[in-house]
Amino acid sequence: MSRISVAQLKLNMTLSRQPFLLREKSLTTTRTGSAMLRVVLADRTGAIGGVYFDVPGHVPDSLTVGQGVEVTGRVGEFKDQLQLNIERIIPARLENPEEFLPLARRPIEEMAQEFDALCAGIENADLSRLLKTIFDDKTTYQAFTHAPAAKFYHHACVGGLLEHTLSVARLVLTACELYPELHCDLVLTVALLHDLGKIRAYDPVSFDLTGEGSLLTHLYSGAAQVERAIDALPGFGAELRLQVIHALLSHHGKLENGSPVLPMTLEAIVLHYADNLDADTRGALDHFQRSEGDGSIFTEYSSMHETKLYRRSQDSSSPAGSKQQSLL
Amino acid sequence: MSRISVAQLKLNMTLSRQPFLLREKSLTTTRTGSAMLRVVLADRTGAIGGVYFDVPGHVPDSLTVGQGVEVTGRVGEFKDQLQLNIERIIPARLENPEEFLPLARRPIEEMAQEFDALCAGIENADLSRLLKTIFDDKTTYQAFTHAPAAKFYHHACVGGLLEHTLSVARLVLTACELYPELHCDLVLTVALLHDLGKIRAYDPVSFDLTGEGSLLTHLYSGAAQVERAIDALPGFGAELRLQVIHALLSHHGKLENGSPVLPMTLEAIVLHYADNLDADTRGALDHFQRSEGDGSIFTEYSSMHETKLYRRSQDSSSPAGSKQQSLL
Amino acid sequence: MSRISVAQLKLNMTLSRQPFLLREKSLTTTRTGSAMLRVVLADRTGAIGGVYFDVPGHVPDSLTVGQGVEVTGRVGEFKDQLQLNIERIIPARLENPEEFLPLARRPIEEMAQEFDALCAGIENADLSRLLKTIFDDKTTYQAFTHAPAAKFYHHACVGGLLEHTLSVARLVLTACELYPELHCDLVLTVALLHDLGKIRAYDPVSFDLTGEGSLLTHLYSGAAQVERAIDALPGFGAELRLQVIHALLSHHGKLENGSPVLPMTLEAIVLHYADNLDADTRGALDHFQRSEGDGSIFTEYSSMHETKLYRRSQDSSSPAGSKQQSLL
Amino acid sequence: MSRISVAQLKLNMTLSRQPFLLREKSLTTTRTGSAMLRVVLADRTGAIGGVYFDVPGHVPDSLTVGQGVEVTGRVGEFKDQLQLNIERIIPARLENPEEFLPLARRPIEEMAQEFDALCAGIENADLSRLLKTIFDDKTTYQAFTHAPAAKFYHHACVGGLLEHTLSVARLVLTACELYPELHCDLVLTVALLHDLGKIRAYDPVSFDLTGEGSLLTHLYSGAAQVERAIDALPGFGAELRLQVIHALLSHHGKLENGSPVLPMTLEAIVLHYADNLDADTRGALDHFQRSEGDGSIFTEYSSMHETKLYRRSQDSSSPAGSKQQSLL
Amino acid sequence: MSRISVAQLKLNMTLSRQPFLLREKSLTTTRTGSAMLRVVLADRTGAIGGVYFDVPGHVPDSLTVGQGVEVTGRVGEFKDQLQLNIERIIPARLENPEEFLPLARRPIEEMAQEFDALCAGIENADLSRLLKTIFDDKTTYQAFTHAPAAKFYHHACVGGLLEHTLSVARLVLTACELYPELHCDLVLTVALLHDLGKIRAYDPVSFDLTGEGSLLTHLYSGAAQVERAIDALPGFGAELRLQVIHALLSHHGKLENGSPVLPMTLEAIVLHYADNLDADTRGALDHFQRSEGDGSIFTEYSSMHETKLYRRSQDSSSPAGSKQQSLL
Amino acid sequence: MSRISVAQLKLNMTLSRQPFLLREKSLTTTRTGSAMLRVVLADRTGAIGGVYFDVPGHVPDSLTVGQGVEVTGRVGEFKDQLQLNIERIIPARLENPEEFLPLARRPIEEMAQEFDALCAGIENADLSRLLKTIFDDKTTYQAFTHAPAAKFYHHACVGGLLEHTLSVARLVLTACELYPELHCDLVLTVALLHDLGKIRAYDPVSFDLTGEGSLLTHLYSGAAQVERAIDALPGFGAELRLQVIHALLSHHGKLENGSPVLPMTLEAIVLHYADNLDADTRGALDHFQRSEGDGSIFTEYSSMHETKLYRRSQDSSSPAGSKQQSLL
């Protein structure tokens, strides 16, 4: 049986040893003693819930979240959603694991080259050395270029952090043209590093906050990791070090957003707003996408934006006498 | 006696019928009956306080703030500041009034051309008509290109609003490259119009808030003026109108900052952060300039940024082993 | 079959071509391809949900929210609530449409006369002209006297805005007696106009926020509409114009409640508190009514009042030795 | 030498044993050992500062704030304000003490009658008994009818609390007409009692907060005093008691304004807004008066209103083409 | 049939006249006319829901919340929870009522002795008399030693208030050792009395807020009760009285937490933090316990702590190379 | 001339080459070209301002803040404060530098022994190693035992950080007795380390925030330093590391107080309140001391406590009939 993607699943379809990534699992033991396993199975095209009634005792422990499984069963329906009724589920090695996670819009390869070029363009010796120290580490580079930028489903994707980082970098470069007083190498460096902590704060598969992400925050983790990298660079400018770490710590802009200090330098101010502009705009785009096709002009409430959003009708730029009705 | 600029004044200098712009005046009648007139006199190079003891009764009423005066007297000192001891002050017509107000960094002419080019580049017919309707009005155009962007002294200058508007426009154009979903003509139009209300909200000479600026806010005034302009354009898209006015009303980003509604469209979100980025960065640059030369690493508290700011030492980008001391 | 009102419906009743107002509709297409139409049907006496299983494809599009329908089917039950199981639903012209919307407590006619008398009592020439200009427009007058004052179900009713306006007017008139310094014509005028924007901000049938209501707010819409009316009045006092618009803009009292400016005049202060007093008191009365009959002393949490409310027992003013128990 | 009021004092006038009320005193011992006594002296027409250089050691202790003094000296000037240079100051019994404190606008006698009539109109037996118990106490009645309503100088006056109470009562009576559901006797009773705690919270002469006012707040003190009065009334309704105390405790409307509980009853809601309406409106009137005559359209910032206030020009209600200038 | 505790109930078990405490009851009359009674039944070991379909009309009124019942029926299941299907329920006198409520960890007897010892140790005559006056009242003492400290289920228990009080007392005694400036008798007295108002604010059986608890708050009720006790003590120090009541009123530390005044004395500051330390720590322990056994490292969101909490794994203090995985 | 301490200075005293610590210096160049040097000179007994008119150009640069000077001049007076009129000031080596800074109440030696004993008592191997690694470093230990705990004058003293740390440790030990669930070694360790970052954040002489203190905050600096120490300890428990760093980062308790994360563990919660209890109580004691002797019952507003504080009169615990007056 050839591989069937999540997007291809249809009601009543029968599956035999189909591979999926195990995103989540939970075991419910009812008080009557019978056990039920709930799972979320996924590949790049989407995710589907599954349920295994009267699951044998050894099964749940044999499965590891973030690894592959092979599933046998039938596609049913629950609360108007497709759901897999599982008859058998076993651990399995995924041949092409990357096919089982959602991907960023742009190819990672292409984004990574753009990122490398930005790093290479830094002329300040200390900052250049700093970026090298951090990203020449293969593990870090691999994690950084594949990490998600945030935990919510549609927003999270492999390469999401890289995509966000490049947008912020693009915005601070425009700022460099506008304000000659900006230390351009500095603001670009902190743009490239500002969310480094997310590679420790989010699980690369489930996109959940890790223990470190919850207890220490990505803001602290990233700043501390960068400071350790600076420690290893003899002669790194003491004042420059403070400015780098300060911009990383303050980039959320407000204490109530989790920055322990407000932006006090030009570069920290610019980074903060560039980060917000990209995060809120992409957040809005993702929010539109999530609620696409329900036909109403306004979306559901977006907790990120603290309001519902307005979805422009397709042809809103043309003269609109007839459209007035629908709005007023 | 040839004209002496404010920057050229020195202690004990004697002035004879020197022209200045009258920025402020106030009359103090002491309880003993003697009257003292305090004034602020200015030209493009700066401002100086003046005091006229036992001023004759008819003098104060003869002078109008925002118009020229000729002053005879002597440069004295008060609380470590130069101060004019006035012997005579009379109303006078300034020959080149523009020489008596601070100017933006870039020539207005040059900025105006850039602004015109941006307007001319709008392809959407409705938005193009809208900008024409508003800026083809000579009075509005003149006011807009010469208005200050805010009321504080160093920040305020002739052309300040135009300079700010161009920076915001530049930032939203970068956003247009990043997010193809943006309605580029729309976001550029609202960038160009977002602070239009300031031409009614600030006095063009004293840079004080006007009655309308205080009671209605520039946010409302601008939106209402734009809406009136739309009223005059038959067939203007109904939905587009809502989006234009919405972006103007919401560009302060939060209710507590005076926007009656939060940004609900992509364009409103982008405009908000672009506006904040430029305002806070320029505000920081102006704040640095105001406190220049006091030798300390941190500035005074900046109420705009809710923190003191950090002033980089000149050579912070070079290796800095020896500098650690000065900081720690 | 004679008309049966919503209040008269009983379990298992059979309906044949009964007329209702269509309040809401939504189509759920299950992933198995079958379609289900959900509707809310209403008349003056209440509202009831309906469901049409396997609805034919052309039906949903043939129906328009805010217009009449004729329904054939049977009264069933779902989650302890009556629900119509629809067999047929077709668009229909309602003969007496006003019988299908909830009504204010007092007759609209009577309230409109009271409103007219208040307008007629304004002696200030400018303000009198202003009210005339606005309310002599038949469409505006009709919309104003029939609009709801807010969107929630029990509170919303035809004539609700008028009822609220009259209460606020009554309270500011008392204030006029207390504070001779108040400009009585001014404060009364802004009381009468303060929620004018709601005729554009709420849909007159569904009572939902319109696009304009969400994107521009009733506060802005009302102020801008009044300002346009002033534009049309040659010689209207410039200072008076500012005071009128200021009171409209500031009547929510705080930036975080959506006013772009705080009340700065006596009249704006009085209007703000009079508006709050009536809104919160009526809101409490409506909240009591919604949760009537559940027997407990405290209501559910009221998000408007940010607390649950306390419902006095009927006879609390009599000596109450025996009642202590129920409370303590 | 006949009595000279504060308002009659002029520069260089010589005083001999003139009577004043001692409002404040403070002794500054310079480090060189010389002592300087500063005092504030007042009568109904105003207050003036005084300074006694090298004051003999026994003098300061002989004087009691809130009692009369006789002063010999000369009227001088300090920082543009008249100031008494004292040569001698001794304690003295004031013959007509009431002439030495500022008075409410309306005669206390007249207001007290109005207050008595309101009390007498309460029909509910419990509430009527409660008001009697409290106000039949001569000391309480005398304190209540003469107390100030707040501590700031211009606002504070003998009878101020009574004046405020009557305004609030007037407003709640209007509410009784608007909302038949209001328990009218209850809302009127709590209006009459709502600031009773101020007779313990403010010093009747200096108008300063007392120790009890600072440590317990007038809100608590008043509620506790009323509850003790209820204790003394056998058979007082248990539920009514809760409602009375609740309205007193919640009348500041928000926790951050010092109410330990939010208004949860109709009567508490109405009382809260009636109290705010009168306090803010009177506060604005007093604020206008304090800054009268400085000629500008806007007042100084009012911390009570969190904004500067706008002072209408005298003739703003007449057609105003020519006035536009002064504002715009 | 011998008594079966809630903890012993199993699916399909049949009960015959088993005694329970009636915690809650509610009657749902469906619109079809049939009646359903829902109850919560409890004993010291836990609580279980019950449902009585088609309950005869006289039954619901025959039952009183907070009293005993005898139940006949069968243990079923609803939404994965055990639930009693009731066939018969009658009022009954509980022989050992204390067996039907959850108990504090430590024996009440033991805690009461500790409390008595603390009272006995107060040397200040006034404060000692005050504690005696209050706690010599048998009813108060009984209520105080058995009241819950808060309303949520797991936290609430008989003796909970006493347990909390002793912890706070323990903490302030440590503070007395650290700060000799503390008035030790005073801070201990207010620690012992700080939540006295809870005996009126919480129902001793349902642990719900009473009418007085909701309308007046335990903070006010306690302070007012203590003040009445002081009234009965001739010669009690006036300043001491203010300090006692002040500490009680301010112990929530912030206006937004319901204290009408901020802590202004050393003793009030210490009491506030000692109270918070114990409440938040116990609240966390209870929160852990409620969500025990779901296997995840973080708990559900705790509204008390405004975050989810982190549950240490059992052996976290041992070297943890292998555990890193589970976290990172 | 033998050394004269600051406390011994008297008006008109003449000084010849007296040694002081230079706390602050600032040079004012008037626009007339003359230069004036202002300094603050200090020793353990206090601080005094000095002014050097027409200071020779080379002098200011020859002096270093935080080092010794020798001063010749005369004690004058300015604004009622003693002030040194300097005739000559030269850099000088202080023989016993420790005599020139304010000291903590308890001897540092004694406190350090107590601190060492607490460290030695930690049984958990990882935590014990961690404390050793950090405090075996002589420079760190010396800095830690001598650092101030905060920047304000009266509060800051040599040993202040140590004193604060011991108090917090004392409070968490009490908590360990109350809550057996606490990981006692962990909570004690984080108590000992919680303000470690202050040794980098405050200048040890001027007590000013350093560049690092302002830009990175002591909270971040401390956590990062501890994490680096953990890095150097092979096999340190991964989960324990998270808990240690988490408690350090969260100990300010709220995002708006600068913690990037809220306390999520028992130990973090206890640490937070113990820290607050000691800081606020000591802050109050210092505030009382600063305003001692002005005779009023209430202090000036304390920005730390957001209120003025109440100062108990000396004998408030005795029966107080006569004292009522002074308060009421």
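Letters A, B, C, D, E and F name the chains as they come in the text, with residue numbers starting at 1 for each one.
The rule we apply is simple: a contact is a pair of C-beta atoms (placed from the backbone, for glycine too) under 8 Å apart; a residue touches a chain by one contact, two chains touch by 3 or more.
Note that this is a predicted model, so its numbers are computed, not measured.
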Intersection of contact partners for subunit A and subunit C: B, E
Length of the line joining the C-alpha centres of subunit A and subunit D, rounded to whole Å: 60
Approximate Å spacing (C-alpha centroids) for the pair subunit A, subunit F: 43
Multi-chain contact residues (two or more partners), subunit C: 211-212, 214-215, 239, 242-243, 246, 264, 298, 308, 310, 327-328
Pairs of chains in contact (touch as defined earlier), listed by label: A-B, A-C, A-E, A-F, B-C, B-D, B-F, C-D, C-E, D-E, D-F, E-F
Partner subunit C, residues of subunit B touching it in the complex: 211-212, 214-217, 219-220, 223-224, 227-228, 231, 239, 242-243, 245-246, 249, 255-261, 264
For the subunit E and subunit C complex, residues of the former touching the latter: 28, 30-32, 200, 210-212, 214-215
Subunit A - residues contacting subunit C, complex: 11, 77, 80-82, 297-298, 308, 310, 326-328
Subunit B to subunit A touching residues, read off their complex: 124, 126, 167, 170-171, 174-175, 177-179, 181, 183, 185-186, 235-240, 242-243, 246, 262-266, 269-270, 273-274, 276-278, 280-282, 284-285, 298, 305-310, 312-313, 316-321, 323-324, 327-328
